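Can you read through this structure? Questions will come right after.
Naming follows writing order (A, B, C and D), and every chain is counted from residue 1.
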Amino acid sequence: MPRKPPIKLPTPESRRVGFAIVGLGKLSVEQLIPAVRTSQEGYVAALVTSEPDKGVEFARALGLKDSDVYTYEGFEGLADRADVEAVYIVLPNSLHREFITRAAKMGKHVLSEKPLGMNAKDAQKIVQACHKAGVLLMTAYRCQYSPHHWAARDAVQGAQLGAVKLLDSIHVQVEDDPTVWRLQKELAGGGPLPDVGIYSVNTLRFVTGQEPEWVFATLHQPKKDKRFREVEESVSFMLGFPDGVTANVHTSYGAFKTDTLRVMGDRGNLLMDPAFTYEGLKLSIETKDGTMTPSFPAYDQFGLEFDHFAQRVRDGKQPWTPGEEAVQDHVIMDAIYESAHTGKVIQLKAVKKKDAFRGTRPTLPSAEG
Amino acid sequence: MPRKPPIKLPTPESRRVGFAIVGLGKLSVEQLIPAVRTSQEGYVAALVTSEPDKGVEFARALGLKDSDVYTYEGFEGLADRADVEAVYIVLPNSLHREFITRAAKMGKHVLSEKPLGMNAKDAQKIVQACHKAGVLLMTAYRCQYSPHHWAARDAVQGAQLGAVKLLDSIHVQVEDDPTVWRLQKELAGGGPLPDVGIYSVNTLRFVTGQEPEWVFATLHQPKKDKRFREVEESVSFMLGFPDGVTANVHTSYGAFKTDTLRVMGDRGNLLMDPAFTYEGLKLSIETKDGTMTPSFPAYDQFGLEFDHFAQRVRDGKQPWTPGEEAVQDHVIMDAIYESAHTGKVIQLKAVKKKDAFRGTRPTLPSAEG
Amino acid sequence: MPRKPPIKLPTPESRRVGFAIVGLGKLSVEQLIPAVRTSQEGYVAALVTSEPDKGVEFARALGLKDSDVYTYEGFEGLADRADVEAVYIVLPNSLHREFITRAAKMGKHVLSEKPLGMNAKDAQKIVQACHKAGVLLMTAYRCQYSPHHWAARDAVQGAQLGAVKLLDSIHVQVEDDPTVWRLQKELAGGGPLPDVGIYSVNTLRFVTGQEPEWVFATLHQPKKDKRFREVEESVSFMLGFPDGVTANVHTSYGAFKTDTLRVMGDRGNLLMDPAFTYEGLKLSIETKDGTMTPSFPAYDQFGLEFDHFAQRVRDGKQPWTPGEEAVQDHVIMDAIYESAHTGKVIQLKAVKKKDAFRGTRPTLPSAEG
Amino acid sequence: MPRKPPIKLPTPESRRVGFAIVGLGKLSVEQLIPAVRTSQEGYVAALVTSEPDKGVEFARALGLKDSDVYTYEGFEGLADRADVEAVYIVLPNSLHREFITRAAKMGKHVLSEKPLGMNAKDAQKIVQACHKAGVLLMTAYRCQYSPHHWAARDAVQGAQLGAVKLLDSIHVQVEDDPTVWRLQKELAGGGPLPDVGIYSVNTLRFVTGQEPEWVFATLHQPKKDKRFREVEESVSFMLGFPDGVTANVHTSYGAFKTDTLRVMGDRGNLLMDPAFTYEGLKLSIETKDGTMTPSFPAYDQFGLEFDHFAQRVRDGKQPWTPGEEAVQDHVIMDAIYESAHTGKVIQLKAVKKKDAFRGTRPTLPSAEG
């Protein structure tokens, strides 16, 4: 049974990594800021927002000073803030490149929400800007820091399931507000694929440690539905992994919340359902002996993600999910769109190396007594 | 909690429909014969087998006479048996056409295991032979007689899930005996697709009442594995249903037993897991209010199937799953193989009519007190 | 996932044990007769009923002759039937002693439904009658022949749960027909306790292998409800097992179907829910590593029970659940009623020996390939 | 699926209720302080601890000043702190009365952990002290503020289950540190009963709205186990509710974590499993139609509890779970110990009024969009 993580006495702020949160949307307010506040190694030092009044209100509620609030135009004011070592980019996708580049130029390390960019080319430019500036860039793939997902990966790559044969994932939800930026192609780059489908793509790559060799996709965009004038409602696709292992994936903004991951081996199968929620993840592994549902010590996914990044800021090593990891997802998503638009199978460049785009392995929380 | 079906006092044999079971394999012995024995409206009157000694042994155990056992060569001996009104064909697929045709010529009604034939053309010939002879032909799609699957169909076609958006099904299992006829192409016609994948194809068609418009497929056949010298190990495919609804499907003889069906609507989703087992089927429907797992009165899938066919023998009406229903599955499976071999999307002939290939709706068992 | 048991080719009737089914109520018709029909080692050779017309109808449906039907008065006609080696007593409780005694006098072995008698003294007389006649007596505690319950017993008595600390069981259901014999004290001896509560008592004793040392009970009998004019609606009781292990138990004819068993150890706990149904039993074991739900090969509880008795008839050994096992349940149930009526704790005679009242250990079905 | 509660913009501290947390144990550090920090209506203004160094360290980590830390001796220093309107007592049970009385004398409102006192008499004195001082007193029964438990209560008191017939609850866990104050009778007042068993007692009273009329109990204290020299390992008890409804309850410090609640009615049953955890509560309701598992908007149990108390501080009304509610639990627990020690049924004073000891009904969080 998941429980709240034990709150160890946090490092005093003076030794923790100060973050500027860039963008005060729902994710920031509901998940990231609470997580940073309980993080062992990071804290919120500044807020950057297009709505200064809202920012001041939040700052006060968070115990920050009014002067800790910055506008998008005044973003470079952070340059002088030695206590702000890193920024967390929580903006519409189309703004990532600009703000990451500006942050990198100030020498701030960057943690960015997914998708990293608008497409592979855009994401590649972002990676280059950070390399050039000598700052760390990490993509916020929280599932790659979750003990449930690491246990799934261990089962897949270990002996428990036998040889992996087939993969299946679904990540769909209803987006019912036609005005959100996520439904505007110029801001989001795409529809459900880069927002929720990316979880399936990224997690399938993570649990196998492998890269797909080809994709086939179909998409559905009912333009008479005002939500889907610019972006697709659904994308269904296949990813062809090495050795004939095929993944079937659905993603959608039009279907009731479902998020699952299945891995079928010749000696057992693995199910995560739900697979991508913030809380309540459930993993089960079935073999001829029966079904095992492992238990885990309590943890907070966002907190683990923050802690990993803060540790990398301290030691200067490449994060487990650097910008390169995100570029690869964009390469695959670009191919998915191309397949859906041409009706043809799209081949991808073969990648033999395991975990080819990943950095320093994260430390998982140890079990409680 | 499923329980054994209530055993009403069965009709005395003199009024029930006498069946000849043609083929004494595992399915006959473990499922069909026990089901016919407890059927309300049918009974086993004769056995047809290539192994007369085994047949006699079974006959004695079943309380039949030695003279109730027929060889394949002596099949036509049934012509004189007025008490044998129907045959149940449980033979390797390649023998279906011959034995159904011979049975039809004797004026016996035919219940055949799935797949009906080796391919669409073969199945079509089978249908024609029965039409010509004026006998009924029913394909043994037991899931179309199961209260769980009818409840799923009602949820999909009713208001509970809202508009259907996406479909997903998996039916895989390990076939580890390289000598079985199911792995020989000349006997089986194909590998896991016509044996277990057919459940997904048929059930997706049944719960939606619709027909796919296109298919895309990929298959994996590791010929160095002696089991897969002739037939594929796995097939993964997409079925494009009307209105942009896509089904993702996996089928395999190489992956640990998994059988599921998911239907995602805009207001809820439906899961059957397991979806295709003989017993222990589980249906759950999730909406914003929570998850509902309906309960069902006890029933036996094979018994319901038999009873439906026996009723049709008595009233002469077209069964719910006639030969035509099976031909359509073959049309789709032929297209799946074609897509897998060409790497291209295959278009299917549009079918607008709902339940286009089905006959008389079955009567479901009513709830117990 | 439980499936139908594999139907091995049964022994021809001539070598199987022929049973006379005494009493054609719901249990006989829905469960026992179907089970005997698929039993490997037994078969139905005769029917004994107070309603000869119904008996003849059943006989015909079962392929028996009209002369295989006996009335209660004509019961002794079975004496001459060498093919009838055993009787299965499925009568109202108050008739058990008479019919078992009459059967024993004819030299027939006896399998009796639970409860064996009306109370401990009555059950003891039954045991004596069979001993005197030199026939076997087995009480039909089907859960003691179920692989799920044996796996539970192994977990309890092995190392998996650590030291056993507490026990809990519930077996309740709604009896809504005020006319059934089970609600008449002269026929049933009591209410839900000897009918459904006995499952909890017997299974707690079985999984621990131990005997309770004391009982405390309370009962509720709302006499204005016409169903409960003679017998209680509910009994709640505690059984004090050795070493301070206490079992809490509920049984009722007034509450919606619930049947569970919990065993709590210091290193894990075990749950069966449902614990006592004919099909769909579910066992799960939770330890610090997670929750394991073992899988089992398919089996039929009644079939296993029959087979065990038939084997004992063949080898003459004491069945696993002889009459003595049932006498002990009656001793405990008598004490439960006494406690409920006096409001006091009732001490039981200490029994140190493990499985003190049981005979030859049953053979469990082996796993399928 | 439970998710993190939406973090609405909290009230600025100047308008929120300032709390002094009295006692910095595991519960304070892991649950209460994080919850107060995310509370909409409260905040941590001061810390009271016997270990000032630890207090200062926490204060700094929480953004408080060193001068916000008070020792037990210096507790009255809070009298001058107008910003500290309330105290939250998280001390060993034996210290509750002293500190609550001291707080009340300073005019501070009191939220106290359960159990409120050492026994009914002690708890009654605490209630009197707060009444006399004119301050509010609320017992921290978090389950009475949880939407899951309110939904259970609604099902029990509404029509869904029909007439309630039987109750069952288990709350056990392993306490393996022999040095904790909870195992010292002078500090804790008892063993698992007032610590974890109290959840069962309190929740059974809450969901039914009724009070037990009698108790019977047995306890087990293996004094050779050094953990149980002073307090019991386990207590098993029955509570007799009105109309013959009996509750069976187990509580223990010696058995693997289990926490459940069952309510059996004549038309359905209700299960909470787990029933008392901080997160991951699960409610399911079974009727003849099937099993429903309702979904809930995300919430934090401690946060809802804090908010309710802060609202009562603002409006001056009696909290839903005032001191009187806790006195009644003590009355029942005193009777449980008396029964266990005498072996007799103990009658309780009849209480006819529904929710006899409760105050202002809490406002439940409304569903998210």
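Worth a mention:
Methods note: a residue touches a chain if its C-beta (ideal position, glycine included) is under 8 Å from a C-beta of that chain, and two chains touch if they have at least 3 such contacts.
In this text, all values refer to a predicted model and were calculated from it rather than measured experimentally.
Taking A-C and C-D together, the chain pair joined by more C-beta contacts is C-D. Of all chains, the one whose mean C-alpha position sits at the greatest distance from that of subunit C is A. With each centre defined as the average position of its C-alpha atoms, the distance from subunit A to subunit C rounds to 57 Å.
In terms of their C-alpha centroids, the spacing between subunit A and subunit D amounts to 38 Å.
For the pair subunit C and subunit D, the distance between mean C-alpha positions equals 43 Å. Looking at subunit C, residues 257, 286 sit in touch with two or more other chains.
Those residues of subunit A that touch subunit B in the complex are listed here as 161-162, 165-166, 168, 170, 172, 174, 216, 218, 220, 222, 233-234, 236, 238, 240, 244-246, 248-250, 252, 254-258, 262, 264-269, 286-287, 343-345. The touching residues of subunit B, when paired with subunit C in their complex, are 1-4, 6-7, 9-13, 29-31, 33-34, 37-38, 57-58, 60-61, 63, 274, 277-280, 298. Residues 286, 288-295 of subunit B touch subunit D in their complex.
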